[in-house]
Amino acid sequence: MENYTANEIMALSAGRLVKNGDILFAGTGLSMLAATVAKRIHAPEAVVFFETGGIDPSLDELPLAVADPRVMVGTSINTSLVDALSLLGHPKFRTIAFLGAAQIDCYGNLNSTLLGTYEHPRQRFPGSGGACDAASMAYGVIIFMQHQRRRFVEKLDYLTSPGWMTGGDSRRQAGFDRGGPIAVVTNLCVMKFDEHTKMMYLDEYYPFTDPGKVASETGFDLDISRARMASPPSESELATLRSGVDPQRLILGPMPTSQAAADKF
Amino acid sequence: MALNRMSAADAVGKYIKDGDQIALGGFTVNRNPMLMIREIIRQKIRDLYLVVHSHGQGMELLIGAGCVKRVELAYGGVARFAPTGHRFKKAFLDKTIEVEDYSNFHMTLRFLAGAMGLPFMATKSGLNTDIVRRSGFSAACRGTDRVPEHKLKVIDDPLDPDGGEVIVLPPLKPDVAILHAQFVGDEGTCRICGLTFADIEQAKAAKTVIVTCEEIIPEDIIRQEPDQNSLPHFMVDAVIVAPFGAHPTACHKFYDYDPVHLNLFKNMAREDDCFADYLNEWVYPFDSQEAYLEKVGIRNLLKIKANSALGYAPGLDRR
Amino acid sequence: MALNRMSAADAVGKYIKDGDQIALGGFTVNRNPMLMIREIIRQKIRDLYLVVHSHGQGMELLIGAGCVKRVELAYGGVARFAPTGHRFKKAFLDKTIEVEDYSNFHMTLRFLAGAMGLPFMATKSGLNTDIVRRSGFSAACRGTDRVPEHKLKVIDDPLDPDGGEVIVLPPLKPDVAILHAQFVGDEGTCRICGLTFADIEQAKAAKTVIVTCEEIIPEDIIRQEPDQNSLPHFMVDAVIVAPFGAHPTACHKFYDYDPVHLNLFKNMAREDDCFADYLNEWVYPFDSQEAYLEKVGIRNLLKIKANSALGYAPGLDRR
Amino acid sequence: MENYTANEIMALSAGRLVKNGDILFAGTGLSMLAATVAKRIHAPEAVVFFETGGIDPSLDELPLAVADPRVMVGTSINTSLVDALSLLGHPKFRTIAFLGAAQIDCYGNLNSTLLGTYEHPRQRFPGSGGACDAASMAYGVIIFMQHQRRRFVEKLDYLTSPGWMTGGDSRRQAGFDRGGPIAVVTNLCVMKFDEHTKMMYLDEYYPFTDPGKVASETGFDLDISRARMASPPSESELATLRSGVDPQRLILGPMPTSQAAADKF
């Protein structure tokens, strides 16, 4: 019955986490929508940049790849991989990286490399790209995931990108003087990390689902005691996202149908 | 200085041997040196050792055609057209290639170390991850055939007593760097427009540099704006004129990526049979760039032609 | 983003404190941020810790005016006008400043490490020289007041068993980088024309970046050629419009160095009395760039005005 | 009686050591004249570059500083210090650096930093600049010196730029896999280094002086047994240098007078 899709509430939920002035390390897909919609709604001085080196492009058309020529136009500066990746760790800036992964554990560590082992691989993913670097060096990380038990696992097959490591103070002890995941935004909910244990907990579930569903789709024990229902996207948020950010719905995909479109996720 | 201009066929014949370590320019769907890559496949070069950060259509094709033995990389995919490259994935799972995983920062730092003649680079990025703890290359190959003795090492910061552990990474000095640029001056000065990715570092690190380009322009013209240039003339060993030389990937200011072709490739790359058909249809038959472009067709090329003001093809159907 | 535009006086007042570690942009006789340097002297900032590669007219003036306590550098001179800077030499011999010597590669690698967030940089340049074996800073100051714990260290290559010894250098992360650019967009994007020296690395490494510029231009114009830009808008903390802001050093495409003034300075810098006269005549009286330029005089400014095609003043009498 | 000056024969002598295709790291002064005259006479494909980042400028006017805007015009590429200094060590290229110094020892090690010590300094020079880097990383080094006993010393006060270290194989043992001084060009002569001991010896003395004079101006024992008289500059060499390279005599200084102009040096 919702008048919005899961992709739409994901983009808007992630966008709400952006602060004005943040320097946003975006990938393609939902992360770009989240960054762009945040800039249009409440964070006009946020800057979007890409690991390929495009810093603050005009984004008149949505890039479909971080190496899309659309990330090179209207930029403040066109530079190189090494410059863009160096910016991630710049201590002056609140750099926020949007990442996705094939697997995530309860501390927000990510696997985007392989299932099995090098000796006996069961599946191969593209690899880190800049994800390990963003997870290591950025001020904070926002993670997008499809919410499935096989993705939310007790133990990663491969730790590509460091989250809160083994919880508590372990990230700092591992050698990272800042950073760590801020939130996990899925097609069902937004999860955050406990201040002390650094374990994931359910913060907000979308109106079309419930904490039990979220827990059952999560492959590790999830604290749902703090869960609240998310407020649905406002008309004006949806209007900005749909007509201002992705009018061709290249990333958003189909409009919600008269059925609750979000059910299909 | 006289430009060492030649055909792609001659460049492969002269500069690329079985087993060479090759750095490919470009990134996923942008400025892959595709003309050279097709020619390497046509000449059946084998056992290549690719060193890349995030590749890409070119790597997919080389791996699929059986030219590759070993890869060091951070990312193997063609962006939205194949988030994990089909041929890369299959070769990895079938163990027809050996793969060593790094991050993009690691790989670009390694190219930078090679470019600058530094013994190694140090970073904290990736500490305590499996990128540090595991190795995809066999222990046996370490220290042989250009494979560095160590994938990397974790050491205590030698300068800062509170610095903790850092990762030190070996430099990359590939045998050949191949890149596609928009412009080369007729004495060799090279200009890349838009993002340079790690192409410049790769070229500076390499023993031999092969540049394909959209246009050769007079050297005195390219030197009127030397702030814009990417490589000095003497660093370029061979130049191949290659209009649409990055197709089906993009070349900023000249053409966009070709979604029709990339989708066609994606579908044909899934299965071995279909991929063989792709090679027979799109790679082996063409002994010139012109013949390949005839096959692509003027209608498709017009669709991806870049708008002069924007540098890409606005309104292109990219689904 | 709104440009944080202010006067040189306000920039010094707001951002520069006694004891700060300052990276000066430019190189010997080119793009020294002279307006800011004169303003620092006027406001009697003290105990500055300069970190530079090859300076330069600006460093001469700051040292001569007694603003400097400590310098890390590779070269202290004003090219042909003073192969060794007179004020630098005197302060060194009189021990009114402490000096630590590195090479230009060392200093630029240190800025690069700061800019990239790397824990250190490694090179073989300088092995077994007195740059490695001796230290100009007292042992007592090591580890205090931003002075690195170690000037550098020599270690065995941790990755290559045949690599021998390498020098590891600590990063530089100055409190303030001051540079002079040709253009700044009205949202802060910065463009340096011609050689950038290490200005970009210095700015990226610094906690605060102050840019003086010849012109502020519309942001949408400066973003039409983003390949040419040097710093993204959000990295620039304060912008000061300063026509002829590098005078008497050069600013490519705008003006040449001023041989008349540099010779005058050279002569007045030799002795303390004369140098005090220089400050009284050329630094203290002027509370605006316009007033300073009136003193320089339109005739001199016309002589050094750059030819548009060449970027310097052809035929200028440079003896 | 000579029809050329010491500066002229120095520039031409150094220029003769340049090979076609060399990548020349030039300072200002005589080194730029040497590089430029070599390009015009016998090494047209030699490239001149500056540590400041100017690579192969047109040099329509002579730069008086490595940061002169004249090194930024007509270049193949304008880059940065770190790029230019990195080029010095590039194994693909025969990079030849021209250096000067305040002191030199018999192995071609150079001091351009100080006399005395940091604690008790007697004199201060500008410091390494890029000299230490060039001496460490370049394929070869050509040194310009004024020939005075106080400059040619038994022991340097400060070793700024590594030459052949302590002779023999010591440079390689110190960690440098290539490089080392090729020649020392002074206002009296050209000196080279013994293949085995790496000690300086007198190779060619200019026609207006003699080996005895050279030895007496040298503060260490100098092998003069292999000395030959240099051939004087040809008319065409002088013409190229004077009218093509430094017509304003900004660096060359005064023309030779009817007196043997070179006597004054």
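The chains carry the letters A, B, C and D, assigned in the order they are written, with residues numbered from 1 in each.
Here is the rule we use: contacts are C-beta pairs under 8 Å (C-beta built on N, C-alpha and C of every residue); 3 or more make two chains touch, one makes a residue touch a chain.
None of the values given here were measured: they were computed from a predicted structure.
J.: If you take the chains that touch chain A and keep only those that also touch chain C, what is left?
T.: Chains touching both chain A and chain C: B.
J.: Can you check how far apart chain A and chain D are, centre to centre, with Cα atoms defining each centre and the answer in Å?
T.: 58
J.: Need the CA-centroid distance for the pair chain B / chain C, whole Å please.
T.: Once rounded, the distance between the two centres reads 38 Å.
J.: On a C-alpha centroid basis, what's the spacing between chain C and chain D, in Å?
T.: Taking the average C-alpha coordinate of chain C and of chain D, the gap between them is 28 Å.
J.: At what distance in angstrom does the C-alpha mean of chain D lie from that of chain B?
T.: Those two chain centres are 41 Å apart.
J.: Multi-chain contacts in chain A: which residues touch at least two other chains?
T.: Residue numbers touching two or more other chains: 72, 78, 82, 86, 89, 137.
J.: Provide the list of chain C residues touching at least two other chains, using ranges where the numbers run on.
T.: 109, 117, 124, 166, 194, 227
J.: When you check every pair of chains, which ones turn out to touch?
T.: Pairs satisfying the touch definition: A-B, A-C, B-C, B-D, C-D.
J.: Could you pull out which chain B residues touch chain D in their complex?
T.: Residue list for chain B touching chain D: 1, 115-117, 185, 187, 189, 204, 207, 223, 226-227, 229-235.
J.: Under the touch definition given earlier, write down the residues of chain A that touch chain C in their complex.
T.: So the residues of chain A in touch with chain C come to 21, 23, 45, 47, 49, 55-56, 58, 72, 74-78, 82, 86, 89-93, 137.
J.: Please output the residues of chain A touching chain B within their complex, sorted ascending.
T.: 28-29, 51-54, 60-61, 64-73, 78-82, 85-86, 89, 113-114, 117-118, 121-133, 136-137, 158-162, 165, 174-176, 250
J.: Report the residues of chain C in contact with chain B in the complex, numbered from low to high.
T.: So the residues of chain C touching chain B come out as 109, 117-124, 148-150, 152-153, 155, 157-161, 163, 166, 168-170, 193-194, 227-228.
J.: Write out the stretch or stretches of chain C touching chain D in their complex.
T.: Touching chain D from chain C are residues 26-30, 53-54, 73-77, 79-80, 83-85, 88-89, 92-93, 99, 101-106, 108-109, 112, 124-131, 133-136, 164-166, 194-198, 200-201, 250, 252, 256-257, 306, 310-312, 314-315, 318-319.
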